[in-house]
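Each chain carries a letter (A, B, C and D) given by its place in the written order, and its residues are counted from 1.
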Amino acid sequence: MTAASQKKALICFIAKLLRDCNHVAVGASSPIPGAAALLAKAVWSSPRHVNILGSTKNNFFTNGSQELFDCAAQGRIDAFFLGGGQIDGAANINLMGRGEYPLNTPRWPGTFGSAYLYFLIPKVILFREEHTRRVLVDKVDFISAPGTSDDNTYRTGGPFGLLTNKAFFKFNKNEKRFSLKSIHSNSSLEDILDNTGFAFDYEKDTPITAAPDPELLTVLDNEVSAKIKDVYPQFAQTIFVN
Amino acid sequence: MTAASQKKALICFIAKLLRDCNHVAVGASSPIPGAAALLAKAVWSSPRHVNILGSTKNNFFTNGSQELFDCAAQGRIDAFFLGGGQIDGAANINLMGRGEYPLNTPRWPGTFGSAYLYFLIPKVILFREEHTRRVLVDKVDFISAPGTSDDNTYRTGGPFGLLTNKAFFKFNKNEKRFSLKSIHSNSSLEDILDNTGFAFDYEKDTPITAAPDPELLTVLDNEVSAKIKDVYPQFAQTIFVN
Amino acid sequence: MLTSIEALTAHIKDGFKLAVPADYSGIAMEATRQIIRQGTKNLHLIGVPTSGLQAELLIGAGCVSIFESSALTLGEYNPAPRFSAAINEGSVKIVDATCPAIHAALQASQKGLPFMPLRGIIGSDILNNHPDWKVIQNPFSDTEDKIVAIPAIQPDAALFHAPLADQEGNVWVGRRREQINMAQASKTAYVTVEKIIEGNLLDDEELAAGVLPSLYVGAIAEVPSGTWPLAFWQGGSEDSEHLNLYKTMAATEEGFNEYLQKFVYSGEKS
Amino acid sequence: MLTSIEALTAHIKDGFKLAVPADYSGIAMEATRQIIRQGTKNLHLIGVPTSGLQAELLIGAGCVSIFESSALTLGEYNPAPRFSAAINEGSVKIVDATCPAIHAALQASQKGLPFMPLRGIIGSDILNNHPDWKVIQNPFSDTEDKIVAIPAIQPDAALFHAPLADQEGNVWVGRRREQINMAQASKTAYVTVEKIIEGNLLDDEELAAGVLPSLYVGAIAEVPSGTWPLAFWQGGSEDSEHLNLYKTMAATEEGFNEYLQKFVYSGEKS
């Protein structure tokens, strides 16, 4: 599998996760989720609304940069993507830095809106291509945003699952644990166990992630590629032939 | 004194009260204060900003109808006008209705923004042409907005004075009492005492309100009348010859 | 999304909490007459922050059980006869507020907050009579510093009139941004417009700055002169003759019913 | 009101609380270089809600004593070398927030409120480490319902770049309405623009919808390409070559000082 076809497979995988959404918001520097949202909209007209944040042309917000947060609080954003320098087994994410705050080494950019959006968007997909024990840790050094909250805390959203370049996990909110759902064809259960720093549930016979639907790939290459070039020009160069 | 020249005198009187302001906001249905603000801006370029609320062309707010209230809370509105079906000697105003709330007879439109703006705009000029015991009462039946507050209550604004078609009173915040400052030429101290329902401070030799400065009247008639016609067409007809 | 006025108002059900703007904004008067024609009952009508002829008609026609606002004013045509009658009879529950508190309640909803604090108001009889507001201590002050807490109001729908919409369901409201706040605070928005245009309003950055995106909009109907007999900031001025006629006819209940018959049920326009 | 860039930045004094927008908005980069040239010290810089090269340069040049924001990111040019160095040395006080909390703090100021409540955040280490936030009980809930209270931040000034201004001092910001919120929340706003036009932007209702009125503006300077080397939403794209050069040079303190000498003090542009 080439790097390009691996990224296309991730796009198709995410697109299917977004099919039940009305409105998906994506960061401007998240080309794979963004491409997935555009693909899902093109194929199923669902999500109906795709908002590429930080972009001007593909962003329909008109009330300034706070509209994203208001919109989430209104329950009008169905899916969003978060990453993290560290992600732990309870779906806590760390965007702040490794080591002891505030003198982290390295220090990452900061928490952005994660400490808010993670609470208010129902389907937050954790997406981080790198699948290593450096990233997927037992316990994050700093909780930028917690994966779960106690029952007294107002929370209408949270983690749906975690997608990496090796596997897809679903998050079980009650048990506060990930469970392995499928393993990409370039990996194996042993590889996953070796490279995941947190404990998770799994079946011995966890299935291989299904190959992307050829029809989805065709639409991606033929119809959606132009739109993706428009929004993510540099990324588009790496996955489309011309 | 004709009705027109009486109104022009009020306009000139108010204009002088606004000369120390940067930003004066006026309701669309307040032609005399509005004309006064436009006159002061024309003569002294002070106030620099005049905002006629409810108007489209002469209103510079661009953030929806809440901007008036935000702007007041920011301390960016220096003067405003309030009236009232009843005004009492402690500068409490009643815009709700006569009799016992909620079954007032008559019921007036309601409190509008008075319960807020009266607290936050430093120079609130109470303006009511009718000077009778029906309007100027000992105690209002309903406090839409109180004239004063205790020291623990956040308050950066309040009543500056009360202007009617008979007189001008200044409000003394510490004593919570009006004091008569000048009597219009069509009235007398006896007339004021007869027609005012609240007690107030006065000097036996309270001066007559100075006649409007001829230069102000000239600018009003020649330069500002067009602008006033634009904003308050019906009112302009009643005070300008053509 | 783009529909007839009948289909638009059919979304507005008995018992709806309905937000409408003040007269300087854009009042969906034709939609209001259609609401009366379809016989909607028990509306909780919210004037944002005030209302006028729209609330007066809905109250007079018996569509309203709660009226929550900072004022009901017909401007120079005051007093509002059917509103006054309802007050005297106690036939409509009135929740009296002050303008920025109505904005704060909607803005709390827009932001998904249980409440917003608000300065002023303390010492007003509005506060003493309001069923929902609370006075709390400013948590950042070491000394006594009371502030009013205004709980969120989430309307079932906002209803208003705007200059333009496009075929994607975006609405141009221009500087009348209270309509954006109302729509975002409400579960959805029903909008009548002067004109529906081809294309997408968001493609032009000058227009985009004044657009309510389709995400927040439930239905749009093209209704030219949809604010009649009221003025429209991007349209005609008020029909003074009609408003004087209203004032005369609505002075009695019989006259008001005759007015409804003629100008609402039969749909005459002058 | 309309002035030179030198006169504009001269208003920004040592110790100012200065609000600046995120990179997708409009960053007054030429004004930022002028602030460094004029030697301003001890800024309390607020990234609304994040900052990028602007904060990185001001921190590296020693102009900042407090940096309050939700992130400092150079996007694909991360990590930010001078920011990282300042973190390691502890030479700048960092107040880490989350985006909507920065907006809430400014909006509280915009509304003259002591604080705004905000959902989320509880359980984040951001909350445990923030010097100013408090957790309060929702006064409208009978059961336990904690909510974060964010105190107001009133910056001394907001500084940003916009497409247009007019000779009256009105500024067209279009859809970038966070600039309006920032300006209204701050004591005043200093704005660089691509172009100053004749007439009054408010005379055209299409433009008016995206205007920051002159009431909120302290000074405006015409600075074409004022965001260089950053992109501008109504202008050019970023100068990637220059940003790569920055990343290379700023990796060491010596290299950063050389960068300042060349591109800030000597004013080279490529």
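Please note the rule applied: a contact is a pair of C-beta atoms (placed from the backbone, for glycine too) under 8 Å apart; a residue touches a chain by one contact, two chains touch by 3 or more.
Computed from a prediction, not measured in an experiment: that's the story for all the values here.
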Mutual neighbours - chains that touch chain B and chain C alike: D
Touch-network distance, chain A to chain B, counted in steps: 2
A-D or B-D - the one linked by more C-beta pairs in contact: A-D
Rounded Å distance between chain A and chain C, as computed from the means of their C-alpha atoms: 40
Whole-Å gap separating chain C and chain D, where each centre is the average of the chain's CA atoms: 37
Chain A and chain D: spacing of chain centres that average the CA atoms, whole Å: 28
Residues within chain B bordering two or more other chains: 56, 61-63, 69, 73, 120
Of all residues in chain D, the ones touching two or more other chains: 112-113, 118-119, 145, 147, 175, 177, 180, 205, 208-210
Chains grouped in pairs wherever the two touch, ordered by label: A-C, A-D, B-C, B-D, C-D
Chain C-touching residues of chain D, taken from the complex the two chains share: 112-119, 134, 136, 138-141, 145, 147, 149, 151, 173-175, 177, 205-210, 234
Contact set on chain D toward chain B in their complex: 109-113, 170, 180, 184, 202, 205, 208-216
Interfacial residue positions of chain B with respect to chain C in the complex: 28-29, 53-54, 56, 61-66, 68-69, 73, 95-97, 101-120, 142-146, 149, 152-155
For the chain B and chain D complex, residues of the former touching the latter: 23, 49, 56, 60-63, 69-76, 120
Complex contacts: residues of chain C adjacent to chain B: 21-22, 24-25, 48-50, 69-73, 75-76, 78-80, 83-84, 87-88, 90, 94, 96-101, 103, 107, 118-127, 129, 143-147, 175-181, 233
